[in-house]
Each structure stands twice: as structure tokens, then as C-alpha cells.
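Look for chain A in each of the two complexes below; its partner is chain B in the first and chain C in the second.
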Partner chain A sequence: MLKYIFKRILILIPLIFLVSFIVFALMDNAPGDPVRTLVGENMTEEQIEQKREELGFNDPLLVRYGRYMKGVFKGDFGKSLYGNKDVLTEYLFRLPFTVNLALISIFFTLIISIPIGIIAAVKQNTWIDAIFSAGAIMGLSIPGFWLGLMLVLLFSVKLGWFPVYGADEGLKSYILPAITLGVANASLLTRMTRSSLLDTIRQDYLKTVRAKGLSERKTILNHAFRNALIPIATIAGSQFSGLLSGSIIVENVFSWPGIGTLTVTAIRNHDITLATGCAVLTTMFTAVTLLIVDILYAFIDPRIKAQYTGK
Partner chain B sequence: MNNENYLFINIKKGKKKMKKILLLLICIAMTFTLIGCNTNTGNEEGKTTYAEEIIVGYNNDLDTADPYQSTSSQTHWYTNATFRTLTKSNYDTGELDPVLATNWEELSGNNTHWRVYLKEGVKFHDGTTLDADDVVFTWNYAKDAANVVKPIASADAMVKEVVKVDDLTVDFILNYSIPDFMVYLEIKIYSKDAFDTMDKAEAGIIGCGPYKVGELISGVSYGLERFDDYYEGTEQFPSKKITIKVIPDLNIQVAALQKGEIDYSFRLPSTSYYVLEADPNLDFYTRDGVQSFYIGFNFRKEVWNDLNMRKVIAHAVNKDDVIAIHYEGGATATRSDNFCVPSGKGYVEVKAIGYDPEEAKRLLKEAGKEGMKVVIMVGKHNKAFAETVQNALNAVGFDAVIDEVDATNWTTLKKTGDFDIFVGDYASYTGALLFNFDRFFTVGGPSNMYGFVSQEWEDLIAGARQLSTYDEMVAEFAVLQQWVADNIPLIPVAVSKSFSAAVKGVKGVKLAPSDNLQEIYYLYKIVKK
Partner chain C sequence: MKKNHKKAKNKSLIWRQFKKNKGAVIGLIVFCIIVVIAIVSVIVFDFDADITAVKAADRLLPPSKEHWFGTDNLGRDVFARVCYGAQYSLLIGVVSVIISVVFGSLVGAFAAFVGGWIETIIMRLIELLLMIPGILLVIMIVYTFGASIPNLMLALGLSTVPHFARNARASVLTVRNNEYIEASRALGASELSILFKHVLPNAISPILVQATSRISGCIISAAGYSFLGLGVPSPLPEWGAMLSDGRPFIYNYPYLEIFPGLAIMITVLAINQIGDGLRDALDPKLKR
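Now for the complex of A and B:
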């Protein structure tokens, strides 16, 4: 197992180089001039040129990239172009907001989608299944920004149950953004749980289980669901890692100080150092999260554990 | 008891009684005097209590609290609270007010040597005191693009040297005559001592304004804390803290205001104008603004150097349609023919080329450009404006298309983009008469990124710079305004109106005509009377 983990961590090194170079090069070639964007209409052409030289923008791309990566491997992710803020400090400050929201959102996703998915599978082709399936399609179709605004209008402005914006009020602040993020994920996972379970329910071994006299409830939960769990865990894991890179729309609607807004603001401002820093750190963080999800597979499915340990 | 003793005791008693009466009278008199002196407080029950904190909503985070390290609006208005300038153009009266400068005089007789006298006893947030060294340091430091992101405009062109005369006197020696030079001294003053003892990032946020930099929480909020040693006292500033909450979505900001989660906002969507105005729980404020909305040309394309082609555009666009469609029927902007705003110094009414679609068609036909493709570059916030222009151009025979670009690429694309015309806006308020004209229409002007070149204009503006009195300059300024209207380097369309809203109980609202000029530090809230 440790060998497997070590191998995965080693893969992270070329991955970081690849991601950072792609982001760095894309930002460098994006339309617009970062220096002109920074200084607006407040400098003459000579002053802009002076600023460009001072900020190192006149050096070739590879020189700048090399300089940047040298810093990264020393733990120095550089300073942002706007406000000269330390990139790592900024990122680490925003990270808990995103991680906590992702955890609550994925929790909401799981407690909604798994029971509904199981019920829809067990009650296949009944009106209950039809209602749940329609609900799931609706959940997938609703745009996040619209749902967020509607939730705010109803639950915050009209009913006053939750704050309108921000993360100041503890758990209460998390509910609406977590639901907004969770609805689409829960819808997808509900459909995944249903189809995965339907595949398993049709397996022959379950006939044997039933023939042995086990109750339907136990048959589904202890035997069918456990075997259906791998694709569900895969999707949930991907959804969770997706949430960790932040959601610009939901963060924007709920004034959430997460990674998403930080990254998008950096990209929009042509802040190459901050944008690349966010991309590299998010890659590292996501890779580690996916590694943890992969390790969790081993506990769900002994066959995978055997693969990891090479037995 | 003999009579003598009796008398003595009575006299003593009488004296005691007199003393008591006198004491009582003094107490009553003092009480009345105190009541008379204090308008805010009365007896204990009637005492006015202010909320310690005011919450303001804004859609962008603060990138820096150093006024010269960012071009963003939020840095500008935030530092209005933390810094003080030498002078200040009063947007209500149009006059130039002294701030850190008590007074000034011109010594040369030809407007090239200005002596500025500084206020005494002004404390910076680091405890040091303002003197001439701070002014000299600020000028030399903040004019240099190597040190800052937003250097003092035209500093080297205008000023030869800044010299300390004594601790509270500074001389500005100019390169040429500038009759309204003091207007250019609306510069925020750094503490030199802070730069001598701290690192640049720390020193750059030390000002001498009524509030100092408070808690800055990335992506969440940025605060102001009252500076108790402010040189004019703190009576005008009852709020101990002002916290600006970052609420990127403007509709959410409206909701937060309506729910009372924020006390005040001046950055609100124009679509919320009537809703907020009608809300009984809010106080609504509006005033004429200084944001000019205009149509600009890409002079790098030869076709737009033809005055007749510019006239085609001017004749084709009905400004009233733009006002009706884009500016809430005129609630958030008024029609304009002059690039200068009515509240600006020296503004005159000009005769502009008006709406005449038939004339536009005729001129277009004459130029042989019927069916010509016109790319209209626009940022998202002016999209409806651009669509109205697009319809107007198509109606006279162009094939107009819109190119919507990201706001952050705007300045770059104005310089390099392959557009024909653009829809732009600019907060044009300044007390300096030639400031905007210099920027927008002269060769090398920082805002003349679209390549406008006119020798006639260069000669006019050079002549205006040579004038030695302010009155002469005002007269010439009127000529320049009409020149712009006749020669159409751009087409002014509208001037903004500002609006803001506060929850009931919030006082001290001083709505400025643009974001940059806002002064939120006067805000306070009475919680008990």
C-alpha cells in the first residue's frame, strides 16, 4: 500500500510541472497585456515599458517560468501582481472556506442521493421512481446561479432563516451554498446510484441470497448496495475534488471567499503568479484528495486492496 | 445664650444658608450651561448613542490600502478615509478647498512658482507629524512609475522641482505656466518617517486621514478604524469602525440592504433604482454624476480620420434612445453633448452634431461606404448602450456587429484591438481644466490609446498651456469644448447619475458623483436617543 502511495506522490511532480506550465503559458498568451491592465490609463507608454521591465515581463517565457518554478520548489509561490500579496498565504486563507463548503455539500449530496437512488432502484418503474427520476433531471437542469438567487430570496430575504451573504454566521452560512452546490451533484449521484444498483440487483448471486431467506432490506443494503458502491464512490470522489477547486458561480452569489473567486479574479486580472499558484496548489490538493479516495476504495472492495498491495 | 452669641450663631446660620443657596444656584447654572453647550446629549435618558460599527457593501475586494499601488476604485475611495490630500476639489461647490495646505501663493508672477503652507500639528497614523519633508518625499516617490502603479499624473512634465523651504512650507517650481496648478495637488500624502522605518508595504498605508486601516480579511471584508488623533478631532466621525463587506453579486447586495445585513451601499445595479427608491425601509439618495459615456473611434483605421464618417455616426445615433433603453429612462444618466460634465469647472453648453438619420445616410452614400462592416467594441456593463448604437447604425446602412470584451482587457484592446468604434465611459471629474483634454486628445495622452492625431488640436492645447491667467484659461477652455463637439474625436452621449441607499437610521451619507470620490467615513448610525 505504501509503495502505491509513494508511486502516486511521485506522479504528482511531473503533473505539477505540466499544469503549471500550461497555466503559465496560457496566461502569457491570453489576449490583453497584464501590465496595461494593472496600470490602467494612468501611465505614459514610457512608464508602462519601465513597469514591464521592472516586473520582468520582458524576459522570455521560459526564463520567467523557470524563475517561478525555482521559487515554487522552495515553497515560495510568489507575490500577486495586484496588491503584492503572498500567493501561498492568500490561498491557504481561502482554502478552509472551500474545503468546509465542499465537505458539507458532499455530505448533503450523499444523504439525499443515496437513499433516493436506492428507493428509485427498488421501486423501479413505479410512480415513486418516476417522481425521483424527474426530480433528478430537474436538479441537473437548474442553473446554479438561478437556484442560489432563489434560495437567497426565499430563505434569507423573505423568511430570514439564513444570512444573505458571506461566511460569518458559522454553519448557518453554509446551508444555502451547500444546497446550491449539492443539488446538481445529488441529482447526478441519484441517477448513478439507481442505475448502478439496478445492474447489481439483476446479478445471479442476489437470487441465491434471497433463496437463503434473507430479507429484501438486508439483501439490498448488505449485498447489492455494497457491490454498487464503487461507481458511486468514484462519482462522489470526482464531485468532491471538483468542489475543492471552488465554484465561481456559487461563490459569487453567496459572497463566499473561496478558491474559485480567487482563481477567477487572478485569471481575469492577468495575474500570472496568482493564477499559476492557484492552479498548482489546487492540483496538489486535488491529487492528494483523489489519492485518499482511491485508498478508500480498498476498504470498500477487497479486490482493489489486493491490487494495491500486489497480492 | 447672650444676644451677641445668638446674633453670631444666626449670622453663621445665615451664611451657611446663603452658601447652600449659592451652591444650588451654581449647580443649576452649570447644568443649564452644559445642556446649552451639548446639542447631542441631554439628560441621561436623552443621551445620543451611536453604533460602533457601520457595514457597507461593495462588490470588489481591496487589492491594497496604498493609494498609489492600485488603480482600482475601491483603493481610491478607501484611501479617501485613510489619507489626506494637500487640496481638494469640492464637487458640490466647484471650488478648491485647502486640506493639508492651509494656503498658497504664486511667487513668480507667471504661475511657475507656487509656495504651499502646511497645516501644523497633523499626526500620521504612526504617530509622526506632517512636515514639508513628507510632501517632498511623496511627490518624488509617487511620481516615479518604478515605485508605484498609479503615479502622479504628468508630474515630470509639469514640475521641475519640489523644494522644502521650512518645516511647514514647500515650493513647487514648474516647467511652464499652470494657472490652476493647485488643483493638481490633490495628492495623498505619505509619511516619510514611515518609509524610513518600515518596509514599503507597511509604510504605504500610513496616512493622516480620520480613519486608519482596520482589519483586512481577504475576500471577506476590509475595515476602517477611527483614528483618535485625527487633527480635526473625531466629533464628525461617530463610528468607531467601518467595515466594507465584499459582496460580488450586486443583486445580493440589494437583498442584503433590504434585509438590513448591510447599512449602506453606493455600488448598486441600475435595475434596482426604482425598487430601492420605493422601499419604505431605506433612505434613497441620488445626485448628478461625473461619469461620461461616449462613443469612441479607432483612428488607426483610416476611415475614421474622415470627419464626415464620424459625422455619420453622430447623426445616426439618437442619444435619447440610449438614455431610454440603457439608463432606466433617464433615472441613472442624462443626455450629454459635451465630454466635460456640467458640474465640472469651466463647463459650457456646446452645439453638437445632432440626430439626423437622413443626413447620416446621405453622408454615408457620399463616402461610398454603404454596407460597411462596423465592429463596436464594448464591455459587458455597456452592452445595452452598444446594442442601441448597433441598431441605429444598421438603420442608416452600416453592417454593425458587437464585439463584447472582458473589462480587464479593455485598456489593452483600446490600444491594439481591431475594432471600428467603441462604447466607453470615464469618470471625468477634475478641477484641472485641461486635464481630461490632455489625456484624451493629445498625442501620447494616457487615455488617447485609439490614435487620435490632430495638429490643430495640438496647437490649440499648446496655446492654452501658455495662458497666464485663470480667466484666460477658462475662456480658452470653452473654445476647446466647442472644438471637440465640432471635430468629434469622440461622441459624448450621457452623463451618469449616482445613487445609493442606506437603512433607516444611518446618517452622514455624503453621496459623491463617482465611486472614486465617495467619502463613506462620514457614515454613522444612531442607535439610542
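Now for the complex of A and C:
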């Protein structure tokens, strides 16, 4: 198990190199001149050229990349071109907004989709199942950002229940963005729960359980569901890590002060250091989250644990 | 002759399975209607006069008999624009998935077929690429090369190549060990012809199912990127771009945001239903 964790952590190193190189090379070819944006319009060409030399923008791509990576491994992601703020500090300041939102959203997702999925599976091929399944495919088909706009229109503008944007009103501000992010995930998870449970319901050992005289309710909850839980947990875990980067567009709808908005603003401002930093940090953070989720599975599923220790 | 007969039988079997799923059939019908709308609107509407021309006198009219979906802040008819926009979403969805399927299948199938250290290197690289959030890649690619339809298609397509490559490799690996492959090898067929004639056709159904669901995903993402201003540029009536244009007016003129969004939803719903039907028809094991 330890060996496995160690291996997974080692993978992060080439990942950092790869993602930062891709982003670095892309942003290098991006339109706009970061130095010109930085110094303002009143400078002469010579002054701009001097500044460029000073910041090291005239070195070849690989030299600059090497310098950047040297900094990254010391924990220095450079300073943003706008406002001259430390990239890592700025990122870590915004991160909790995105993480909290993702946590609340996945919480909504789980408490809604698991019960519905179980009911749909137990009542398979009835009208209840049909309605839930239709709802799930609807939920999968709604563009998240559009749903967010519609929710704001109804609940914030018409009814005034929630703030229109931002994260200033505590838990109240989290509700609409969390639901917006959760609908597609909840729909997928409902379908997964249903099909995973249907799979286990057909297993032979459940016949034994029923034959023992256990009530149907107990059979489903204590035996079938616990075994159906593993694929459900797998999906939920990857959904959570997906939310960390996937909330970019929805964050924009709610003007949410998270890392998604930070990334998009950096890109729009041609702020190369900040944008590269955001991309590298988000990738690393997502990868670490997935790693933690994977380790947690080993605790739910003894079979996975046995696999690692057996190797 | 006999082989063709068998193929036709297989196809009709898949179709019969597909027909059993009412939702999938409705989805297919709706999808066909959307395709017809997309084609007809290109013929009926004039791009300059009906889609992009500014008509100051008609600004922000609510839905009425003349303007079914109202008009936007530049006096353009929203109904015409929504209909005209269908082609963009369909095109982006289909083309970007074709890019992912073609590149992904080739890379994955190649890796599975050559094996050895080349396979190891390719798969390690794919594993790494899979860990980079696709949304970041797409945004950076589109930003770097400029917001346009071809760039968006390329970015969306490339960002999912690793997923398709991984799945294609897995399907090829399962198919490769079948006896009929060994038989054709014994008959002296070259490795490449085995790959294209026998392995890929038999590995195609999981790829097809994945591709269908990916089309709807691409349509939603494309609209999202256009909404951010990092997708289809504004005067074009792509649905996400329309949502972005109408956003400042959402409080007083919500219809500007409702109709393009509904159009995306209906299109994606139809494709998702088709995808479900295809999955059930192609993979009897998954059928419930």
C-alpha cells in the first residue's frame, strides 16, 4: 500500500513538468504583449525593450521555462504581472472558496442522488423509476452555466431569496452555485446508483440473504447497497476532483471569488505568470485530490487493499 | 456474399433493439428535426440581412407574432438566430468528437498493437495527459490561437484524445486475443491489415457509445466556452455566444437567455437519448 502511494506521488513530478511546459509554451504564443500591458502606454519603445530585457522576456523559451521550473520547485510561482502579487499567495487565498463550494455541491449530490437511485432500482420498471430516470437524463442535458443563470433569475431576482452573485452572504451565497454544479453530477450518480444496485440485486448471495428470511428493506440497505457503494464512491470521488477545475464557467456566472474566476481573469488580462501558475497549481491540486480519493477506496473495499498488499 | 448477409442481419438486430427504446426513438426524431432546421435556416435566412444586421428600431422587442422569440439588443430576431445557430453546435459537437475518435483510436490501437516499451511510453504519457484538467487545456489553446470555430473544435477534440486512446487500447486488447485474429494471422495477413480489417471493426461499439455521449458533452462545453468569450466569437449566433451577448439584459429581458439555453438543452437531450439507445442496442450485457 505504501509502495503504491509512493508511486502515485512520484508520478506528480513528471506531471508538473508536462503541464507547466504545455501551458508555458501555449501562453508564450498567446496574443498580446505582457510587457507592454505591464508598463502602460506612456513608455517609449526603448523603455519597453529595457523592461523586457530586465524581466528576462528576451531569453529563449527553454531558458525561461527552466528558470520558471527552478522557482516552482522552491515554491516560488512568480509574481502576477497585474498588481505584482505573489501567485501562490493569491491562489491559496482563492482556493478555499472553490473547495468549499465543491464540498457543499458534492454533499447535495450525494444526499439527493443515492436515495433516488436506490428507489429507482427497487421500483425498477414502474412509473416511479421512469420519472426518476427521465429526470436524471434531463439533468445530464442541462448546460450548468445556463441552469445557474435561470436559478439566479428565479430565486435571486424574482424571489430575492439568495444573493445574485459573490460569496459575501455566507452559506446563503453557496446554495445556488452548489446546486448549479451539482445537478449534472447528481443525475449521473443517480443513474450509477440505480444500475450498480440492479447489478448487485441479481447476485446469488442476495438470494441466500432473502432465503434467510431477512426483510426486503434490510436486504437492500444492509447487503445490496453496501456492495453497490464501491462504483458509486469511485464516481463521486472523481466528480469531486472534477469540480475543482470544472467550476470555471459556473464561477463566472456567479462572479464567484474562486480559482476558476482567478484563472479566467488572468487569461483575459494576458497575465502569463498568474495564468501559468493557476493551471499548474490546479492540475497538481486535482491530482493530489484524486490520489487521496483512491487511497480512501482501499478502506471501503477490502478487495482493492488486498490487491495492493498482495503485489 | 454470406458475410454481407450476416452483416445486414446484425444491423437490423441493432435497429430492432434500438427501436424498443421509446426515448431513443423520440431522441432520434428530435435530432433529425434539429438537423433539418439547421439546413433549412441556412437556405432561408440571409446571414447579413437576417442574422447579423443591426436594426435599431426593433431593439429588445418581447416575443410576438412577428418575432416569435423577441429581438435582442441590436434588433436582431432571436428566433432566426437560434435556428441559424443550430448548425454551429451540431458541427462543433460532431467534428470535435471525430477528431478525438480518429486520433484517440489510432494512438490507442497502435499502442495496443505494437506493445513493448513503445506501448509503455505511450500509455504513461496518456496517463499524465489524463491528469491535466481538460477545461484548462481547452481555454488555454483557444486563447492562444484565437477564439474561432475551428480552434474550438480542435481544442475540444484534442483535449479528449487521451480518453479515447485509453478506451481504444482496452477494446483492442480484448479483441486481439480472439481466435479469429489468430486465424487470419495464420493465413498470412499483415499486422496492419489485421488491425484495420478485423481488430478495429470489432472494437468499435464501445468507442461508438463513448463518442455519442461525448458529442453532447462537447456541445455543452462549446456553449460554455463561447459564453466565457473563449469560443465562437460574438456576431455568430452560436447558442453560447448568444447567451453571452444577452447576459447584460437578463433581468429585464429574460427571454434573451431562455431560448438559446432551451435550444442547447433540447439538442443535448436528444443526443443523450440516442446514446442510451445505442448503448443498450450495441451492448446487450448492459441492458436492463
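Here, the second predicted complex is superposed on the first by the 279 of 311 C-alpha atoms of A that agree within 3 Å, B and C clash if a C-alpha of one lies under 4 Å from a C-alpha of the other, contacts with A are read in each partner's own complex, and residues count from 1 in each chain.
Convention: a residue touches a chain if its C-beta (ideal position, glycine included) is under 8 Å from a C-beta of that chain, and two chains touch if they have at least 3 such contacts.
All values reported here derive from a predicted model rather than from experimental measurement.
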Problem set entry | chain B versus chain C as contact partner of A:Asn252, first or second or both or neither | both
For this session: Once the structures are superposed on A, label A:Phe93 by its partner contacts, choosing first (chain B), second (chain C), both or neither.
Result: first
For this session: Based on the superposed arrangement, let me know which partner A:Gln47 touches: chain B (first), chain C (second), both, or neither?
Result: first
For this session: May I ask you to decide whether A:Gly83 touches chain B, chain C, both, or neither, giving the answer as first, second, both or neither?
Result: first
For this session: Would you check which partner chain A:Ile137 touches, where first means chain B only, second means chain C only, and both and neither mean what they say?
Result: second
Exercise. So, A:Pro31: does it touch chain B (first), chain C (second), both, or neither?
Worked result: both
For this session: Would you sort A:Val157 into first (chain B), second (chain C), both or neither based on which partner it touches?
Result: both
For this session: Name the contact category of A:Ser238: first (chain B only), second (chain C only), both, or neither.
Result: neither
Exercise. Touch check for A:Ala167: first (chain B), second (chain C), both, or neither?
Worked result: first
For this session: Residue by residue on chain A, keep only those touching chain B in one complex and chain C in the other, then list them.
Result: 31, 149, 152-153, 157, 252, 268
Exercise. So in the complex, which bits of chain A are touching chain B?
Worked result: 31-33, 36-45, 47-48, 50-51, 54, 82-85, 90, 93-94, 97, 149, 152-153, 156-157, 160, 163-168, 252-255, 257-258, 261-262, 265, 268-270
Seminar exercise, completed: Interface with chain A, chain C side, in the complex: residues 23, 127-129, 131-133, 135-137, 139-141, 143-146, 216, 220, 223-225, 227-230, 240, 243, 247, 250-251, 254, 257-258, 261, 264-265, 268-269, 272-273, 276, 286, 288
Exercise. Which of the residues in chain B end up touching chain A in this complex?
Worked result: 61-64, 69-71, 145-146, 149-151, 153, 201, 217-220, 245-249, 251-253, 255-256, 258-259, 261, 406-409, 411-413, 415, 439, 444, 446-447, 449
Exercise. Residues of chain A touching chain C in their complex?
Worked result: 11, 14-15, 18-19, 22-23, 26-27, 29-31, 124, 134, 137-138, 140-146, 149-150, 152-153, 157, 195, 198, 242, 244-246, 248-249, 252, 263-264, 267-268, 275, 279, 282-283, 286-287, 290
